[in-house]
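Structures for review follow.
The following pair of complexes shares a single chain, chain A, combined with chain B in the former and chain C in the latter.
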Partner chain A sequence: MSHNILNCITTYYYQIDAILLFFVGLLGVVFSRNLIKILLSIEFMFNAINLIFVSFSSYISNNSYLGYTVVIFSTAISALVLAVGLYFTNILNQKFGTIDVNKIYSKYKEINKC
Partner chain B sequence: MSINSFFFILFSVLMCISSIFSLLSKKIIYTLLWAMVVFLMVSGLFLLLGAKYNSIVQFLIYVITIPVLVGVSIMMIKQNSEKRIIMLNSFWKIIGVAILVILIGEFFSLNKDVFEIVKACFVFVNPYSDLDSFAQNILERYPILLLEFGLGLIITVIGLSNHES
Partner chain C sequence: MLEDFSWFILVPIWVSILIMGARFLGIGFSKRNTVLMSILSTLISSIYCGYALFYTCNNSPVEVSYNFLSIRELNFTVGVYVDMLNSLIGLAVSIITFIIYIYSAFYMDKEKSFARFYSLMNIFNSTILGYIFSPNLFQMLIFWELIGAVSYLLIGFWYNKAKVSVDAKRVFVINAIGDVLLFLGFVIVSMNVTDLLNDMSLVSLPFANLNLIVSSFYASTTPEIYSFVSLLFVFAAIVKSAQFPINSWLINAMSAPTPVSALIHSSTLVMTGIFLLMRIFPLVASNILSLKIMIVLGSVTALLTSFSALLQTNIKKVLAYSTSSQLGLVIIALALYNPIASIVYLVSHAFIKALLFMCAGVVIKIIKSKNILFMGKFRECSPIVALSFLVGALALSGLGFSGFNAKSLLANVFANTFYLNFLFAIIGALTSLYIFRLYFLVFENKAGYECSDLENYNNPKYMIAYGTLIFMALAIILSSFIIPNGHFSVLYLLNLFMGILAYYLYNFRNNFKLNSTLYHIIVNGFYINKIYYWGEIYLYKFFTKLISLFDTYILGGIEYLVRGVMLTLSKVVHQLQVNNFQSYICYGVWCLLFVMGIFIGLYSMILNIFGV
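Moving on, here comes the complex of A and B:
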């Protein structure tokens, strides 16, 4: 039985992989406090979704390129998101002196109180 | 076990492990390095699925461009003198990794049979996906979308460079 499973890797396994990667990214977004770590976790989630798109596209038809094309544009969007996010990270670092989300929030509250 | 399934298991296991390590590592630079491994493995999975063009784009953007971008921003954020001392201590480690990479490269270049075997693993994957037809498909069906994304990138770059913080 195990021999058969190893010989025929279907899109199902790719989607399980993608779901695992998505949840790792989600955990990173929720639990990590570093802004750069959060941005990289968002990139993991983008990658997981791209993997799902490509696996479905290769599963449905070999001549359909829609999923592949969507992935190209999704990659461009994710690069944009990262660039803008890093820019804001740098601005926050200049303003508050840290990239820890909790510290930034507490400092922001202190400034607003005064 | 076929070669396809072997590479799938290798890529997926490495991807999951390195994604967890990237979240658990305390230093940001190690997070970036583990994230690079994750992106590389996703690129390999794209190749196994037959999306050669996506694999190339993934490699160029995620494994080369984004680490440079994030690395530069980490350098801008961390401007401590202590880091330089740590970098000097890790000089020999970097030289060791470089020698290892050169040795692996020599191994692949000298043994042509090994290179041919690795090449054959990736060629057989999906004969239907054609790189030229995919590129043609993008240019014929989605030219305006392509132009819009190019414009979006240009506007972002101009906006970020013109802003005075």
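Moving on, here comes the complex of A and C:
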């Protein structure tokens, strides 16, 4: 078993990977102006959390499926969130003609004259 | 009997409250009733003082005291302490006040704020009685301050004139120096005495135990501190009695109404300083240095102010300078261990100066000018005023009446030392010269108004004033029989010669044109007032510059720092308000990290504490 390369990759690798993934998502949320990009970055962050759950479930026991169950729920919720977000993006695009987050408010002020 | 009637000090205050309260409620007493009530209050006090004088001749002093202020074991007391000294001076003050109340009814007749004048005069009467009859130095200190405050109000009676209000402020501020000195002296003596004897009943320094206080204070301090403290008292008295370094305020005080000048700045207020020295005489007298300083300052004052009085053209200023110089003589006599002579001279001088001021007031009222070069021939218009002024002038120069006897007593004191004898002769001669100059210029000079130019000097309302003048003159004449008889000497001839010289100099002409530098120096009172003025200005400029340095560099630096910090912070916080979605998110992330940092720190701290 010991010469199997997969045995060298412990749960720490997964956790560090998850943290990196989370921060990539965070930076994406912070630095991107496109609303679709932001939603995608949020998905990145969801996936990072999912990875953490999966890796932590191995601490309970070798055959524990608790983490996997949570991940299934989490995935479903993230899909919902993404669907709702895309719906709002569509509406905003129809109303203001843009999905740039920094321009939406100024367009709103122009339209409502406030 | 004396104990039971100690409330008489409060009578003038009640009268004052009545007068002002009635005015406040819109009722208002008539002028006649106001004057009558005021006169009644002084009558009560003069009867009390007369009885007290009669009683204390044969009996020991009487003391009444109440607790005024209790701080832990310290009990400050107030009350009344009656012995011969203060009942004599109280009697003199009450009689003078009585006369001047009647006189003011004439002088202030057309004044709008008649009630205010009388209520202020009543308050002043009350404070001066409280001061004179105070049983301890603590009460003396309180009334000393009150006298200053009330005299400020009285000097600034016509406060809508700019010069008057400025003068009143100057007098008040200069008198505040004396307050501080007296307070300092009181605190030092009280602290040392109570510390040494461990007796907290002596904290307000009662005069009944003065010998004990002085001896224990002498025992508890070094000679240097003892002389310092006695000098504090001497200088406080010198401020109040208008002596040399601080004599200029008396000239400023002359912008008061003339009855106020007659009451306050000739007899009662300037008496208070010397009265303080008489009260605590054992404390001052056991220190040679302060006695020497009293002699030096007294003689300097007497000389300088006599010269200044000689050249003044303002009738009230002549009398004011004269007051300073006579009080200088009193202080010298006190410093020569002669309280009796100084008290006698002080009291007789108070009566004389009050009379002279009252005559001057009548003259000012009729001629409507204070310049003596415009006066003259006034004897023909109103011989009563001229005669009473002549009585006052003769008494002041020591040629007759009470002044003659008092001055003989004083001359005996000065006779032992050549220098003081010489000084006394010079001052006597100058006094005689300036007072007869005043008399001849005002009443006898050929160049002046015709009597027909002046209206209503025979008006019946002037009869009140003439009556008071006659009463005062009679008081001076009659009191010469009470004082031990005087004797004739060379000084008498000198004074007489000076009077005759004044007749030849001032009876026939009044247009003396002097323009030398010395003349200007003397006529402006040796520029003492100006020196203080410039000193104040330069000190003020210096201190303000010093303080402005602190302002610009230290306070300004702090301000600059705070401004910089706030600007940086505001630039950071500004990003929250710019409608930039990304910056909001950034802030969210930073806050999240901050909170996470706190939680991690707390967690590791808990781990460390429990040693996990």
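The rule is simple: the second predicted complex is superposed on the first by the 103 of 114 C-alpha atoms of A that agree within 3 Å, B and C clash if a C-alpha of one lies under 4 Å from a C-alpha of the other, contacts with A are read in each partner's own complex, and residues count from 1 in each chain.
The working rule: contacts are C-beta pairs under 8 Å (C-beta built on N, C-alpha and C of every residue); 3 or more make two chains touch, one makes a residue touch a chain.
Since we're looking at a predicted model, the values are computed, not measured.
When the two complexes are overlaid on their common chain A, residue A:V101 makes contact with chain C while staying clear of chain B.
In the superposition on chain A, contact is made by A:T69 with chain B only, not with chain C. More chain A residues lie in contact with B than with the other chain of the pair chain B and chain C. Touch criterion met: A:V29 reaches chain C, while chain B stays clear of it.
In the superposition on chain A, contact is made by A:L21 with chain B only, not with chain C.
Contact with chain B, but none with chain C, is seen for A:L80 once the two complexes are overlaid on the shared chain. Common to the chain B and chain C contact sets on chain A are residues 31. Those residues of chain A that touch chain B in the shared complex are 3, 6-9, 11, 13-14, 17, 20-21, 24-25, 27-28, 31-32, 34, 36-37, 39-41, 43-44, 47, 50-51, 54-55, 57-58, 62-63, 65, 68-69, 71-73, 75-76, 79-80, 82-84, 86-87, 89-91, 93-94, 99. By the touch rule above, chain B contacts chain A in their complex via residues 1-2, 4-5, 8-9, 12, 15-16, 19-20, 22-23, 28, 31-32, 35, 38-39, 42, 45-46, 49-51, 53-54, 57-58, 61-62, 65-66, 69-70, 73-74, 76-77, 126, 128-129, 133-134, 137-138, 141-142, 145, 149, 152-153, 156, 160, 163, 165.
Of all the residues in chain C, the ones that touch chain A in their complex are 579-582, 585-586, 589.
On chain A, the positions that touch chain C within their shared complex are 26, 29-31, 33, 101-102, 105-106.
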